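See the structures that follow.
Below are two complexes that have chain A in common, paired first with chain B and then with chain C.
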Partner chain A sequence: MARGFVSEGRRFLRDPALLGAVVILWLLLALFVLYPLFELLVRAFSDEGKFTAQPLLDGIADPSNRAAFVNSLILATAVGVMGTLLGFLFALTATRAGLGRRWLTLLDATALLPLVSPPFTTSIAIIFSFGPKGFISHHLLGFDNVSAYGFWSTALAETLTYFPIGYLTLRPILAAIDPNLEEMAFSLGGSRWRIFRTVTVPLCVPGFANTFLLLFAASLADFATPLILAGNSFAVLPTQAFLQITGMFDFKGGAVLSLMLLVPAAAVFLLQRYWVGRRVYVTVTGKVGQRSRTRAMAPGASVGLVVACALVAIVIVYFYALLVYASFVVAFGANETFTWRHYGVIFTEGLPAIRDTLIIALVGMPLGGFYGVLVGYLLARRRFPGRRAMEIVTIINYALPGTIVGIAYLMAFNDPPIALTGGMLIIVACYVFRYSPTGIRATVALLQQIDRSLEEASSSLGAGSGETFRRVTLPLIVPAFFAGLGVVFIRSMTAISATIFLVSISWTLITVRILENMTELALGPAAAFSVFVIVVVFAVVWGLSAVLARFRAPTAGAAARSLLGG
Partner chain B sequence: MVSMNRYAAAGAAVLLALSAVPASAQGTVNVYCSVQVEWCTLAANEFQKATGIKVSMTQKGSGETIAQLKAEAQNPKGDVWFGGTGDPHLQAAEENLTEAYKSPKLAELHPWAVKQNTDSGGKTVGIYAGALGYGFNTELLAKKKAAAPACWADLLKPEFKGEIQMANPNSSGTAYVAIATLVQLMGEDKAFDYLKKLHANINAYTRSGTAPMKAVARGETSVSISFVHDGVTEALAGFPVKTATPCEGTGYEIGSMSIVKGARNMANARKFYDWALTPEAQKLGAQAKQFQVPSNKATPVPPEAPKFADMKLIDYDQAKYGKSAERKRLISRWDNEVGNLPKP
Partner chain C sequence: MKLLRFLAIAAIGWMSGLAAAQAADPVNVYSIWPENYARPMFEEFEKATGIKVNFIRFSSGEALARVIAEKNNPRIDVLFGGPVETFAAGIKEGIFAPYKSPSFDKLPARFKHADGQWTAIADDPLVFMTNAAFLKSKGLQAPASWDDLLNPAYKNQLQMADARTSGTAVTRIFSVLEVNKRDEEKSFAYLKKLRQNVQVYTKSGGGGTLPVGLGQAGGGIFFIVDALETKAKGYDVVISFPKEGIGSSAEAIALIKGAKNPEGGKKLIDFATSAAMQSKLAAHKVNFVPANPDVKTEASLAAVLKDAKVFPIDDEYAGANRKRIVDRWIKEVLGSQ
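What follows is the complex of A and B.
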């Protein structure tokens, strides 16, 4: 064992390309992942240079912080439960209702729409629908004085935004249950409902737990929705931390709130990843049955499922239609004359934000794609000391709520020695290190399916590890490269929770402008910006799918899926 | 691989095209702007036209701007802070975040604008003034058969339950002016009793000081606590909005301007500052449909602007309530006693 380790270390030292790549990666990870987190902890645990837990204890004792903590957990639980149910509904319909291919594609498209949209779209649509002058609450139902702010609207918006995560998690699980199993139970005389209860659902239990935790984490980290919809009476941790920093510039208060958020977020992440996420029930029946239409679903139940899904899909489509409509009228609910004005605004006043966002996205894209395949390759194919540690460190910024990452970056890079705030680099770095784990996972998944002998052949013919990577491995993992690059691009266009702390007078983002517009109640330009982002993102997703489709490797599909799931 | 190269080339071309901002020989000036975005944009464009100096502008509330100035104290990114209520400007002066500058235009200004300058040791100056009051939606009030509020006491009436909006003082200078006004009018403890009672009638504390008036215009709330000139803007845009100033007396803001300490473009910052005090620049406010009273005596007062002579103004102690410790104390008292109260 010891000898093996020594020889591994020696081989590592003798391979300059590998050594160089690992050292550079560690330097980058130390700078952009570990150092900011360290700074955050230092701020939370020190007072005038002395180590103390007092600020944290004060923060926990503060009744408004405690209320925000409890509210965050309540909201996350509600979104977890409702999102899992909705995700299960969609997954069940997709796998059991016998829909045709075209309908399935349509179902997929509506379900994925919320995942690739900028963060405020559902919130804006809910205000347009259920606000005091809302389309549904005021125009259709005639209510005059309703409030669209509070727990229920926030929970509804987050459920609609994040349930696709549940759908993507549960669908493969349902699809993997051998239909013969249900068929057998059926021919043994079980009623359909009984089979559903005693066979189908139990087999999904680990999937439910997994989905619940993923949704719980997504809601816990969500910043944009509660900022718009929760209002004063239902404060949650990420928004409290944001107001603490932007309103008061209270770094310590922000750090303490971040820490209060970090504990449940880290707990849920670890639970999901290392315990629940690994439990999958596989059904072993010897012969894999032909995926024929299963009789385990009564025709009536199928129709019910399809109708329920269609209703949800209609709500989603309606929300987006409302958004498009609102972007073309003077003031939704008050003056609905057609106008191009809002698009005029975003392409004149808003142009710097659009330009900055596109530059940041285009710079971050290749960097993120390359970083993803490089790390993925090293983790999957190379042996070097500290490999496990590197795997964990690369995932930290992805696992933590964006608010924490943003505040940590602000604290670490605001003052010399490393003053990066105000520049573009800090925003690009934030995106690359936060959103590349999707590319890393896609690369690892692809490489696990490619035989090592190809690379070994290259090495034995005398190529160094750098050349082997470039000429043999890289072409094989191009799909993962594009997937990683796509995720970084999409998130650069749509994310806000971390980068809201990092924008500056010279570099701003469309999502931040949307938020400013929302704050000023300029809902028209906010809607127009959102429509613009959705159009760009869809064009890019479509383009990338076309690129990925050219690599007819069976794994390209998996990479394409990870593009959306990330 | 050929196609990939083509994509890369296209990407590079897009990047180049996007980053090809015309570089100006006159240099640039970075402006934090705390008035309404239409005015900010107009001022930036006109200054650029007049001087050839490129303006980078970010619009955010005065409460948030001072937080940003503190954050950037070691490494300033902005040059000038244009507009927003006077208290945070005075606070910035006190905390040494802004730079003293004696503009040659000072002699042309109204005494209240000059007083702001002397109070702050020359670090800020008044550019406009506006009184605090209410905005209300005439259609909604008529439907509810409620009388328009005329006094602070009226806002506590049960018919306004859940009908009033004001901003959150943590992010908005407007809301802080409202609290400081009540404290000066009633005495501190009575003012907080009042705010606690008012809480029952408030439906939202918005982040931005101008949002409540817009909510009134859109019919989302009946009444707002706002600067009255914001109501004129909405009424001119065709919304059923009217304004009133409280019968007991009301406070006012002196919208101010400061130069950021250690500004990287100091010469251009001063040029912008001098320019912003001229009648030509101050006329832009009315052009952007903002109807505060301008600080240069020679600037024509727009006829739509609310007249100070018609209001009962208190002798607002800008110096005292612009103190950083006082602001912090009052806001945290508000947070603890009012903002954190559960919804009734």
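What follows is the complex of A and C.
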């Protein structure tokens, strides 16, 4: 690799800071992105040291694997469609229904709740609300013998968990549509419905496509929800891969299932990034935050929208209220006496998990933030050989479903020479390289709006690239730095799909404890842990937003949004 | 760049500091017993010996998979708890180091591996557990035969463990095999019929107990320890036994080959196989049946088991056939509708 760089221009070589940064980054990327993926491919394609596609072909030929593959696609499509609709509903209400600032804040808070929560919260709530003796299905609606397991409950839980991504994507697009367009159509005599149909919706089409693909990818990668809710007649790939490896110790089978998952995930990612993603970018640019007038919406329609949103918001709030309730009663459903016991449990027996998670999150946070800013800066501002390749490689772990990343890490780092399993570093590295692309994107977006001449002035006054970066660029991209920090922190507190493979005796995670608690009938501690995570994450998000608000850079808002959208 | 270097150095320094701080002499353990059962036992051990136990809990399949995966570079000293089938499967992978504790000779043959690859610390019969309100609403008696569970009244109402991850499930499947005199065709025909009434197969053995307690499910097949725990929490459930008999699995402990702290590990095995630990089970409301003959089964537990027909699972037969039977179960039972 180094030889390739040498052949490039002298300027690159004369800039030791740039050269050093690029070389170090490539080494890190090779170790934590390319090597694990390579190990996974080797495992899937080799048999006693020889290359063979047989395991993969066998895997594809296995009818239960094929069923899981099809199920995954069906589920992802359903979640994509329903989540896009729900996100659009919320975005439309936020931008067109003429809500006051306070109501908007409330709407935002409910919509964001699912995004910053541990992954099982919705699943737990659904089981207790919609099971055969569920609170809603049985006590409220009187149904008997409803199953809480299967396609619909999984799709519903994932939709409620991921629709905020749709909301965050569509809201700026709707806000950016020039109100004059709608107004012109109105004054030309079009009905409001007709305008909505022929002006507003068509302008959102790239946004819809983008949202659909993001939700599709999120569902494809989701492992926790199906594990709890899918039951046994609706198997999906990430869960199958997990059971194959942890239950059957079939690394090869797990690798094969992961590869089957890789194909649609990669396809969706490339589609989103190189086709839809660009179009949306052009539509949004420079218009973020502008609010249209409320005239384009009939009063009746506004009320309808608000009511629909309120209903969804009530369901979400109800789910979380149930969780809080379960954390405060002795035994949910049997002995509903108030108790602090479960919080006692998580702060005594659960304390190592809390401590480990916080340490991991706090170590990963600055590393992830700095890494994101550095890579973003290099990609947006510097020319060096292999820049494009670096952009793609930095995004691999983000685009891959967590199950694949976790399995690949487990395979790559279990045995010497690079034995990292059992330590903290492997979990931190997993989070940093998986969740920093949000920080990278935020940095790139921010830098595109800052005039290059500032940095050129610094260079021409004799500062080296390191000094220019530190004293000129870095202060300008502080908002992106905090966005990167925030995402890594949030995901370190809430993610499970990759890191469930990486926990060990010395380093465990709250999310893994929650899953354990749930599978061993300790619902109280599981609920208490979840409430704790939500409170901490909300506090940190609030703190970071307050910091971001101080930097009144033009894209601070975008950075804040990407804080949650990643 | 200085900042990056500084951060890297600081991070490495900090982590190596942590590694040094952990270099005392604790025993590292994967526990298959749920935390609420295992923790008090480890605390008793620490009280008795001053040795701390670091542990993390996994389902038996997960724990076994981990230990096998870590074979070249073991992360733990002792595998604690979990049905002997799991240990029998582990022997084939060569992951244990034989060790005979002072209690070894006292134990009946079914509670130890002849070479000391594992030793039993408790016995755990399976039971049928049903929700009392569910039985009443359907006008049913508590199930008293394996065939009672095939009653259409239980359609979509049973929860039990998934054999891919849970030793409870493996013990259950081998119970069915024993009841059917190891006739696999007959056994699988039964299991497939039972599948019709199963709402969901859970990842861990106790996973279905809470849903049954809450009435989300009508009943299921669980280890007695989990069933009694559900009852103790205040859920109105009924425990019953099939007249044909039901399997009981010894819960075992084993030393890991290549353990970094074998001395500490042996001390934990000495403690767990002795009356010192097993006499504390009842005090901590952990309803395993003690394996050590010096410890009396606690009265209320003995009362539950009084008329039950319980047989041990033959660990040699189970160990030799586990993988094949589980694979068949996945293919023919789990996948079928």
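As a working rule, the second predicted complex is superposed on the first by the 535 of 566 C-alpha atoms of A that agree within 3 Å, B and C clash if a C-alpha of one lies under 4 Å from a C-alpha of the other, contacts with A are read in each partner's own complex, and residues count from 1 in each chain.
In this text, contacts are C-beta pairs under 8 Å (C-beta built on N, C-alpha and C of every residue); 3 or more make two chains touch, one makes a residue touch a chain.
Everything numeric in this text was worked out from a predicted model, so none of it was measured.
In this superposed model built on chain A, chain B and chain C take up the same space, so to speak, and clash. Contacts of A:Leu243 after superposition on the shared chain: both chain B and chain C are touched.
Of the two partner chains placed around the shared chain by superposition, neither chain B nor chain C is touched by A:Ser258.
More chain A residues lie in contact with C than with the other chain of the pair chain B and chain C.
Contacts of A:Leu358 after superposition: chain B is touched, whereas chain C is not reached. When both complexes are overlaid on chain A, the residue A:Thr473 reaches neither chain B nor chain C.
Contacts of A:Ile24 after superposition: chain C is touched, whereas chain B is not reached.
When the two complexes are overlaid on their common chain A, residue A:Asn335 makes contact with chain B and with chain C alike. Touch criterion met: A:Met424 reaches chain C, while chain B stays clear of it.
Using the contact criterion defined above for the overlaid structures, shared-chain residue A:Asn210 touches neither chain B nor chain C, since it reaches no partner. When the shared chain is aligned, chain B and chain C each come close enough to touch A:Gly231.
With the contact threshold set out at the top, residues 64, 131-133, 145, 147, 149, 231-233, 243, 245-249, 331, 333-335, 349, 363, 366, 410, 414-416, 419, 421-422, 504-506, 508, 516, 519-522 of chain A are in contact with chain B in one structure and with chain C in the other. By the touch rule above, chain A contacts chain B in their complex via residues 63-64, 67, 131-133, 144-145, 147, 149, 231-233, 243, 245-249, 331, 333-335, 349, 352, 355, 358-359, 362-363, 366, 410, 414-416, 419, 421-422, 504-506, 508, 516, 519-522.
By the touch rule above, chain B contacts chain A in their complex via residues 11, 14-15, 18-19, 30, 32, 36-37, 41, 56-60, 63-64, 66-68, 70-72, 74-75, 77-78, 143, 162-163, 168, 170-171, 203-208, 210-211, 214-215, 217-221, 238-239, 335, 339-340, 342-343. Against chain A, the residues of chain C that register as touching in their complex are 1-4, 7, 11, 14-15, 18, 22, 28-30, 34-36, 39, 54-57, 59, 61-62, 64-66, 68-70, 72-73, 75-76, 155-157, 162, 164-165, 198-204, 206-207, 209-211, 213-218, 226, 229-230, 233-236, 326, 331, 334-335, 337. Those residues of chain A whose C-beta lies close enough to touch chain C in the complex are 17, 20-21, 24, 64, 127-128, 131-134, 145, 147-149, 227, 231-233, 243-249, 251, 330-335, 349, 363, 366-367, 370, 374, 410, 414-416, 419, 421-425, 466, 470, 503-506, 508, 516, 518-523.
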